[in-house]
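So, here come the structures, one by one.
The same chain A turns up in both complexes below, where it pairs with chain B and then with chain C.
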Partner chain A sequence: MSALLEVKNLKTYFVSKKRVVPAVDGVDITIRKGETVGLVGESGCGKSMTSLSIIGLVPSPGGKIVDGQILLDGVNLVDLSENNMCKVRGRDIAMIFQEPMTSLNPVLTVGEQIIEVIMYHLQLNRSDATQKAINLLKMVGFPRADKIIKEYPHRLSGGMRQRVMIAMAMSCNPKLLIADEPTTALDVTIQAQVLELMKELSRKFETSILLVTHDLGVVSELAERVIVMYAGQVVEEALVDDIFDKPYHPYTEGLIDSVPLIEGAITRLNSIPGNVPSPEEMPKGCRFAPRCRVAFDRCYSEEPTLQSISTSRFVRCFLYEEGEVNGCSRL
Partner chain B sequence: MQQTVTKMEKCEAKSQVNILEVRNLKKYFPIKSGILQKTTGHIKAVDGINLEVKRGETLGIVGESGCGKSTMGRTLIRLYEPTEGEIIFNGNDITHLSESQLRKLMRKQMQMIFQDPFASLNPRKTLGKILHEPLKTHQLYADNYERSERVAELLETVGLNRSFTNRYPHEFSGGQRQRIGIARALALQPELIIADEAVSALDVSIQAQIINLMEDLQEEFNLTYIFISHDLSVVRHIASRVGVMYLGNLVELANKEDIYIEPLHPYTKALLSAVPMIRKKDLSKRERIVLRGDLPSPSNPPSGCVFHTRCPAKMDICREVIPTFKDCGSSHFVACHLYE
Partner chain C sequence: MITYIVRRIMMAIPLLFGITILSFGIIQIAPGDPTALMIDPMIRDKDLVAYKELYGLNDPIYVQYLKWVGNMIQGNFGDSLIRQGVAVNELIMARLPNTLLLMLVSTILAIFISIPIGIISATKQNSLADYTFTFFSFLGIATPNFWIGLVLIMFLSVHLGWFPTGGVATLNEPFSIWDRIHHLILPSIVLATADVAGLTRYIRSSMLDVLKQDFIRTARAKGFKQKKVVYKHALRNGLIPVITIFGLMLPSFIGGSVVVEKIFGWPGIGMLFFDAAFQRDYPVIMAITVIASALVVIGNLLADILYAIFDPRIEY
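After this line comes the complex of A and B, so read on.
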């Protein structure tokens, strides 16, 4: 399968007179057609900035892509004018945000908002667009879709709003759907509805999904591949079953071991000591070294690179130099 | 005769282990409308809860957003005036006590940890001041020096540096702020702590630190927790007993093992089946029950069993008759017609 999205050495910085914050610092991501990739990591590691960079919505002034390429079907989005990027957004790449209320217009009905998007991107007339909007809302689980289009966002529950957002995002059959914490604000029962829906849509329309979340359970439900970020960089990348089975990076292992489970023996949780470093106080050497249980001298002086272990597996850690896999087995 | 004595002793022993007893607790919020702000209805946020909490245990409370978990917690600690029912704390009925009586009987002994400690920490006060104040209000310790010592000790207990006392809340990370919230709750050496979504906003790594800390403190000070959370995995980890709430009421209450291994109520089953799991292949394959529809409005709850509008096992009776909350054996309580 060929790559739909290729992000190469992406650097997105916040620059002010006082300081430079390297929020995304050399990230590579490849997503194939129809594939769902999970992007995980602790708060502040750069997940949202990575996704906003891809869809061309880095907050400005202040934020800027300072280096790298974002290739969608071979076209470098970084070079596009704002005008052209506008056409890509919504048509080729759509995004769902954590809090749908902030991205839905409170003074327009749900229908008006979806219809507007459809008319703009698909050049349909109003009555065709309305019909399409109703079909979309049915597809995301509103049996009485013709009523829902007349509702204002604030009259809907969190789960309903998130489903409206998904309908809107799917309205132009995007090639890539970026979902930034799509279920974080939702309950488990509603979360289950939304996850089922996203699974079904990606199967039916071969939509690629970049799923941004700090919930490893959600990733394991939906994604085929996982990319773990720490302090603005990718530290591990693997197939979803491999990573939960046998994490390579001590950070990934720490994350997985911190999750309380819904089944199995209850033991004391393993926590990662300390906090994520702030971007302006990045430690020398490996950025995770000060919190790492197995760090050794070299980790504090030299920065590790992302090593390829196999075709689907990459890790940024000195324990695995030169494809040596026996370095660490569930340390 | 012999028997009656043992029965009476049992009764007494029971009220001693129960740190908290809640009977038919209700909290309604008025809905006002029109220019005259007339009350046109009520949001039945908590609608008749019965509960006993044993000293030293951790009672987990789970349920969907809006089911009334926080309202229950806030009513128990008397931040809200109960609409109806009784709250008995350490054998004293505190339901209608005045603030000065409350201060004597429970303000010190019952504390709350809030979901967002930042919102409940005064941004213009240093950490030292924040922790000092409750000690002063309750006239604990002889002088400022002793109180400062206690503050330093508290910080150490929750794993913060003594030197942090001069810092302001915004200078701390989310995990550190949650520790401050815990330190503040511990300051008065309470017996019962109500933790409302105390770890929900945190990353898993920090969440694990806080859960471990709470477990250690419980052991050290023989604390009792009411641990409110919508995260069933976290509750499974920390709780000894679990209550499941739906639309203002408890639908199931049992020992943790019973709830997680053999849930009875269809709602509990659906909740558990919806939890996403990591390492799926190691774990048992569970059939996912996807509930249709959203939580009904607490101002106009469905007739009969309030869950019947979403229940996959609905029967005719469920629409008409309210099921009673009763013990199905070994203190496994459930409110469902399937078990009548």
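After this line comes the complex of A and C, so read on.
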């Protein structure tokens, strides 16, 4: 399988007169056709900025892609004009967001919001687009889709709205679907249904998914590969099974440990001490060092690079220099 | 929808009654009475009493009020005290169309000027255009209507001769639509200025608010160009709060028309009110107060209905 999306050394900075905030600082992501990749990390580590960079919606003024390439089928999106980028957005790359309650326009009907995107990108007339919208809504689980298209968003529940968002995103059969915390705002049972739906659709249409979340449970449910971000950088990349089996980076280990585990009657919850450093005051050396349980001298003076451990595994930590796998036992 | 409108109208009726009581009360408290102005100062006391008797001014206040309201419900506002024998209805009907025309034109003007300016200011926030509009908005808010009116008359009418100095039409000329429009331009611009300035600010901040919302990001993620995002997705949401503001602005609009009509010699009810107030022509003052209040109530009713049409989240 060839790569659908290749993000190379992406740097997205917020530049103001007073300071420069490197929200995304040299990120590489590769997604193959039909593949689902999870992008995880704590709040503020740059997941949303990475995904907004890919779809070309970095908040402006202020935010800007200052370096790197985003290749979609070999075309560098960073170099595209705004006009050409408009043809990519919603058609080749679609995006769904965390807040289903506020992500739909309150004064337009659900149907209109799906129909307009179909008419815009696929040049269908209104009645064909309406028919397609009804089919899409049926596909995401609205049996009475012909009724739903006439409803306004405020009449639907959060889960229903997120299904509408998914129908909308899938309407032009995108090559890549970016889902930024698609289930975070939903309750657990609805969450499972929405994830199931996304899994089914990506299989059916061979859509690649970039799944942004801080919930490792969601990742293990849906993704084949995981990319772990910390402070604007990728710190580990691995197949899902491998990473849960044996996380390499101390940060990944901390993340996995902080997922609530139910052991008998006792719920164990470990959290990583401290906070993500704010991008404008990055620590010298390894960015995770001040919070790391196994940091040593070198970690405070030198910045580690992303090391390749195997073809599918990368880690940014001095414990794994030269491909040697030692240390970081799960004490 | 129909029941919603009917319910709103029912709610407006007690409000109108309250207004009649208030305006009647305020006029009673105001010093001076019409007999002081209309009657020969040398009049004998006996005749003065007879005069007052004739116009019902000796009755207890509540009787005067009930008589007045009773007549008014039947559409009769009584006779003018100053222009003897002329019905108030007649005076008002002769002038109301002029006022409504002036108000309609300046409302349309205000809307069509302030919406684009508000949108440009919001979408190009902190640009030179935004700062320029902001500067003139505050200038417009801070400058009294009558001053703008007088300055425009001085320069555009007196010095340059581009516009007539006042009136609705050139005297002794056959009716011509162009002549009417020519006369309308300055007064409607002046009446619109204060509202354009305020509305622009409201539309700007409301649009800025909306443009930050998640659904705007969704619209962008669908690949729509800026124009479509702004006009299809942001504008309608941005105008919803402005509708209410517009309803609230109506009273100042009516107040403004009194000043503007006086300055431009525009024979509308504003001017009639102005003159009546100085002559203490009670029936005229009262009639206009009630009509103006009714206009405000109707305006707010329209705003509410528009609101319900614009915003599907309003349940009625």
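Here is the rule we go by: the second predicted complex is superposed on the first by the 319 of 331 C-alpha atoms of A that agree within 3 Å, B and C clash if a C-alpha of one lies under 4 Å from a C-alpha of the other, contacts with A are read in each partner's own complex, and residues count from 1 in each chain.
Please note the rule applied: a contact is a pair of C-beta atoms (placed from the backbone, for glycine too) under 8 Å apart; a residue touches a chain by one contact, two chains touch by 3 or more.
Predicted model, so just to flag it, every value in this text is computed and none were measured.
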Fit or clash - chain C, chain B, common chain A: fit
Chain B versus chain C as contact partner of A:Gly90, first or second or both or neither: second
First, second, both or neither for A:Met168, with chain B first and chain C second: second
Touched partner set for A:Ser43, first chain B, second chain C, both or neither: first
First, second, both or neither for A:Ser157, with chain B first and chain C second: first
Which superposed partner A:Gly217 touches (first chain B, second chain C, both, neither): first
First, second, both or neither for A:Tyr120, with chain B first and chain C second: second
Which superposed partner A:Val20 touches (first chain B, second chain C, both, neither): neither
Chain A residues touched by each partner, larger count belonging to chain B or chain C: B
Partner chain(s) touched by A:Pro106 [first = chain B, second = chain C, both, neither]: second
Minimal inter-chain CA distance - chain C and chain B, angstrom: 7
Residues of chain A contacting chain B in one complex and chain C in the other: none
Contact set on chain A toward chain B in their complex: 42-43, 157-160, 186-193, 195-196, 214-221, 241, 244-245, 254-264, 266, 268-273, 275
Chain B residues touching chain A - in the complex, by the definition given at the top: 64-65, 173-176, 203-209, 211-212, 215, 230-234, 236-237, 260, 270-284, 288, 290-291, 294-295
Residue ranges of chain A touching chain C (in the complex, touch as defined): 55, 57, 83, 85-91, 94-95, 97, 99, 102-108, 116-117, 120-121, 152, 154, 165, 168
Contacting residues of chain C [partner chain A, same complex]: 213-215, 217-225, 232-233, 236-237, 240, 310-313
